[in-house]
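Right, I'll just put the structure down here and ask away after.
We call the chains A, B and C, going by the order they appear; numbering starts again at 1 in every chain.
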Amino acid sequence: MSDRLSVLKTYKLYVGGKFPRSESGRVYEVTDSKGNWLANAPLSSRKDARDAVVAARKAFGGWSGATAYNRGQILYRVAEMLEGRREQFAAEVAEAEGLSKAKAAAQVDAAIDRWVWYAGWSDKVAQIAGSANPVAGPYFNLSSPEPTGVVAVLAPQESSFLGLVSVIAPAIVTGNTVVVVTSEKSPLPALSLGEVLATSDLPGGVVNVLSGRVNELGGPLAAHQDVNAIDLAGAAGDAELVKALETAAADNLKRVLRPQAVDGSAVDWSAGPGTERMLAFLETKTVWHPMGV
Amino acid sequence: MPTTVPAYGKEAAGRLASMADVTASDGALRRFLHGLPGVDAVGLQARAATLGTRSIKTTAKAYAIDLAISMIDLTTLEGADTPGKVRALCAKGINPDPTDRGTPRVAAICVYPDMVATAKEALTGSGIHVASVATAFPAGRAALPVKLADTRDAVAAGADEIDMVIDRGAFLSGRYLSVFEEIKQVKEACRREDGSYAHLKVIFETGELQTYDNVRRVSWLAMLAGADFIKTSTGKVAVNATPPVTLLMLEAVRDFHATTGVQVGVKPAGGIRTTKDAMKYLVMVNETLGEEWLTADWFRFGASSLLNDLLMQRQKLSTGRYSGPDYVTVD
Amino acid sequence: MSSAFEYAPAPESRAVVDIAPSYGLFIDGEFTEAAGGKVFKTVSPANEEVLSEVTQAGSEDVERAVKAARKAFEKWSALPGAERAKYLFRIARLIQERSRELAVLESLDNGKPIRESRDSDLPLVAAHFFYYAGWADKLGHAGYGADPKPLGVAGQVIPWNFPLLMLAWKIAPALACGNTVVLKPAETTPLSALFFADICRQAGLPKGVVNILTGDGSAGAALVAHPDVNKVAFTGSTEVGKAIARTVAGTDKKLTLELGGKAANIVFDDAPIDQAVEGIVNGIFFNQGHVCCAGSRLLVQESVQDELLAALKRRMSTLRVGDPLDKNTDIGAINSAEQLARITELADAGEAEGAERWAPACELPDAGYWFAPTLFTGVTQAHRIAQEEIFGPVLSVLTFRTPEEAVAKANNTPYGLSAGVWTEKGSRILWMANQLRAGIVWSNTFNKFDPASPFGGYKESGFGREGGRHGLEAYLDV
């Protein structure tokens, strides 16, 4: 083997389809489970969160207006692109979470399959969440789900990649756009995911990735008047924070998805998902129309 | 109706008079326009898209490229226009490809009224028309006397064709007769001292009218008012000519011709930049109106950058290799 | 229409498809010879050129194929849904990758214009596999119980009008639900199914999950009669569908049938006329009218009859009939000499019974099977051309005065596959849709297909639905 010096990667945010540094110029040290330095991650500010919401809102019209088929194809493309970078993500997850190579690889495989699972939901969710309603009168009456809008997602703290994918994919497959705050301690797999999303035909701004402090970013996102819903998965274990964020979210009646386990007990993200995380960020629209000659 | 007459021909007024009742009052005109068949947007777009898949190759392509060049209203409508710029554009229109003198000339040079005299002089003897925008182009927001004076000025300076804009505000608020009367008056202002008329193109700014139903209605309105050409856009707003809007206008022209015998031309303008785009428009004309309309007398492209793309494609056909922007002139 | 702007020939390259001189039967993951050794030729209907020699499956071959499918069923049905899904996603992607090749092949073997095989058939084929791929691991959410089970071996017989698309409609849901299949393509269009076998190979699909038997109707009859087939799916004529229903009577076999039609395309006086004309043309001339849901009866409100027919004739005059591989062709070749004879016979009957026949001037090629787009006016419900399915580019025009009359005439047929309604009035569309006895009602559009949308007929047009969530039921033990 040669003594070649490796080229280190500069990890950056993923906002609006671009890879900016934090506007604050701040970074924080990311270490592996043994405390060894891995990289400096951007320490996002509330202004970064604001910019990310603007990007997500801008992307919402196009993404929610795309056909379900098209969205499904793009999610499947994400799976294809991840498959090709499986080794990279397995290594990052192993370092981030202190897992063996095999366990980390299993996490990555499950995450890839999760994209495939949700890709398949794109043109089916309306078929299980919608209905033709037999109202008592000469009216056609049809209920269909529609995406809520911009969803702020606090990604799980422990499961830096599978957990992350498990919360992003269900939000975007139905047409929402997302601002996700990565695992605070292990942001690197999420920041790398941005590179995959950027090359998967996913329009810029549909997923925006911020690394930093949940305490610093959660508040502004929960209070943001142009955010329609918030997923508090990443606040699990901090009951006070959950309450504070949910309270702030009440200002514009954001839809709130509470952590599965508020007490902080570990969530098994490898378990097969149901439809809950998709349905949480859907509105139901019912159309009436008379029937008559 | 036995034979075709152009809207600027002597008979047209008589033919149009047969439909005078529909323009007798605001109410009558509204009822007529709102009685036109509706347009299903999805179906219209699908038809335009299907026509867009026609594959124009080899001899057909060579024919269509030369035809397209001959139909261009080569346009400069900038605040920064100068006599020098206009003269350069005229030279380009006369001799589009200095490496191939067999290249057809464009149909017209389209400029602001104050540049008409310059263009007229530069084009002397070329057979290329001078078209002038008028009536407070592009917004059309000026008092009628100002618009008419604008038009007369351009005609007096030698414009062969006037591209007027309609009052979109009046149309959208339902004052159809006001739009109709304005077009008629502008047409009258196109009259030269010798009694002949400059050809009148009526610009709808379809991007502002928004709906296809509106486009069909305004097309009929303008043709009833005596438009020689109907034109999509100024090129100055976000949405300019699109294939579906143009197809719909072609259909309106076809139906108007079937009803009155009066032949009207069509000019899509703005956003048509490539040979491929131009081919799609020619296919639409061919399959909607037929070859009678496949001349510069009845179909025009309002464009500037389109010409160089056509020239590069033309060079490709004659040499067999792809050309590049360094091999066409920038004017 | 002759014009100074004549479109030069724009042929799609044949070189993208490499057809072997002969093909065996695809059984248990391999191409094999037939037990009986019989072969037949498949020709291009556009010029009668022999494309390849394919194998006639006999009852022994059916036996082998069903056995292979049965053997494969155990493992295939036990695979986690997510794994079956990934196989189907692979197939979908491979079809997308090879879609130009398959489109050319389909146009060669079937005679349909490349514009349609390229822009309609192939995208729909890929989309169908994508759609059902997604269901494979979500069956518990489909409304058929928490853990619905597959049926077993599906015997599937498909027609020649959309060879690869009908294959997709059959195979995608069957595999997604965990069944294995033996599929028989139509005698005149076997090639795309044989190419699909190669796609299964590229996808690494386990052996025996998909088996393809080529042959005539006798092979299909043997397949649906086989005692170890659990599910029969057939698309084709009503006559054969009835025979199959009799065959499976008294067995445990689950049956779905997608049969003939005589759809009414109903145009009201307030219709968006230009788009209605397009819809009428698309409704009857799409795929040379070889479409079970074709809008073969135009019901036009008397008050707009003249205007509409004038517009329709004008539009028909621009249709380009000819070489299916020319990208500018609108109408290709009739699929077979037999079908051409049937169309000719019915059209002649229309004339003999007093309807007025009209067709635009168009030059038809000398070789091959061709029929000009044809319009009959003055047709009444009593005419054969108003009653019988012609399955060709022949439109019968009838008139009506009121919505009730339109409904009565539209429903006055043993068929009930599809219908079209053209009006700008929304409440009338929904009222008409409510009254029409047909499985699909298109409003202000026609011949629209989507994997998410269930397709199938009322009455003698068959039973069961293909496509959508509903399409799963046919392949689940529910």
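To be clear about the criterion, contacts are C-beta pairs under 8 Å (C-beta built on N, C-alpha and C of every residue); 3 or more make two chains touch, one makes a residue touch a chain.
The model shown is predicted, which means the values in this text are computed figures rather than measured ones.
Return the chain label for which the distance between chain Cα mean and whole-protein Cα mean is smallest.
Chain C is the most central one.
Measuring between Cα centroids, which chain is at the maximum distance from subunit B?
It is A.
Hey, how far is the Cα centre of subunit A from the one of subunit C, in Å?
Once rounded, the distance between the two centres reads 41 Å.
Using the average of all C-alpha atoms in each chain as its centre, how far is it in Å between subunit A and subunit B?
Computed value for the inter-centroid distance: 50 Å.
Cα centroid separation between subunit B and subunit C, in whole Å?
The separation of the two C-alpha centroids amounts to 44 Å.
Please give the residue numbers of subunit C that touch subunit A in the complex, ascending.
Of all residues in subunit C, those touching subunit A are 82, 85-86, 89, 127, 130-131, 133-138, 141-143, 403-404, 426-428, 430-431, 433-434, 451-452, 468-469.
Which of the residues in subunit C end up touching subunit B in this complex?
Residues 1, 3-10, 115, 119, 270-275, 278-279, 318, 327-328, 424, 444-445 of subunit C touch subunit B in their complex.
Show which residues of subunit A lie in contact with subunit C when the two form their complex.
Answer in residue numbers: 68-69, 72-73, 76, 113, 116-117, 119-124, 127-128, 138, 140, 275, 289-293.
Could you please specify the touching residues of subunit B with respect to subunit C in the complex?
37-40, 42-44, 46-47, 53-61, 63-64, 67, 248, 251, 282, 286-287, 290-291, 294
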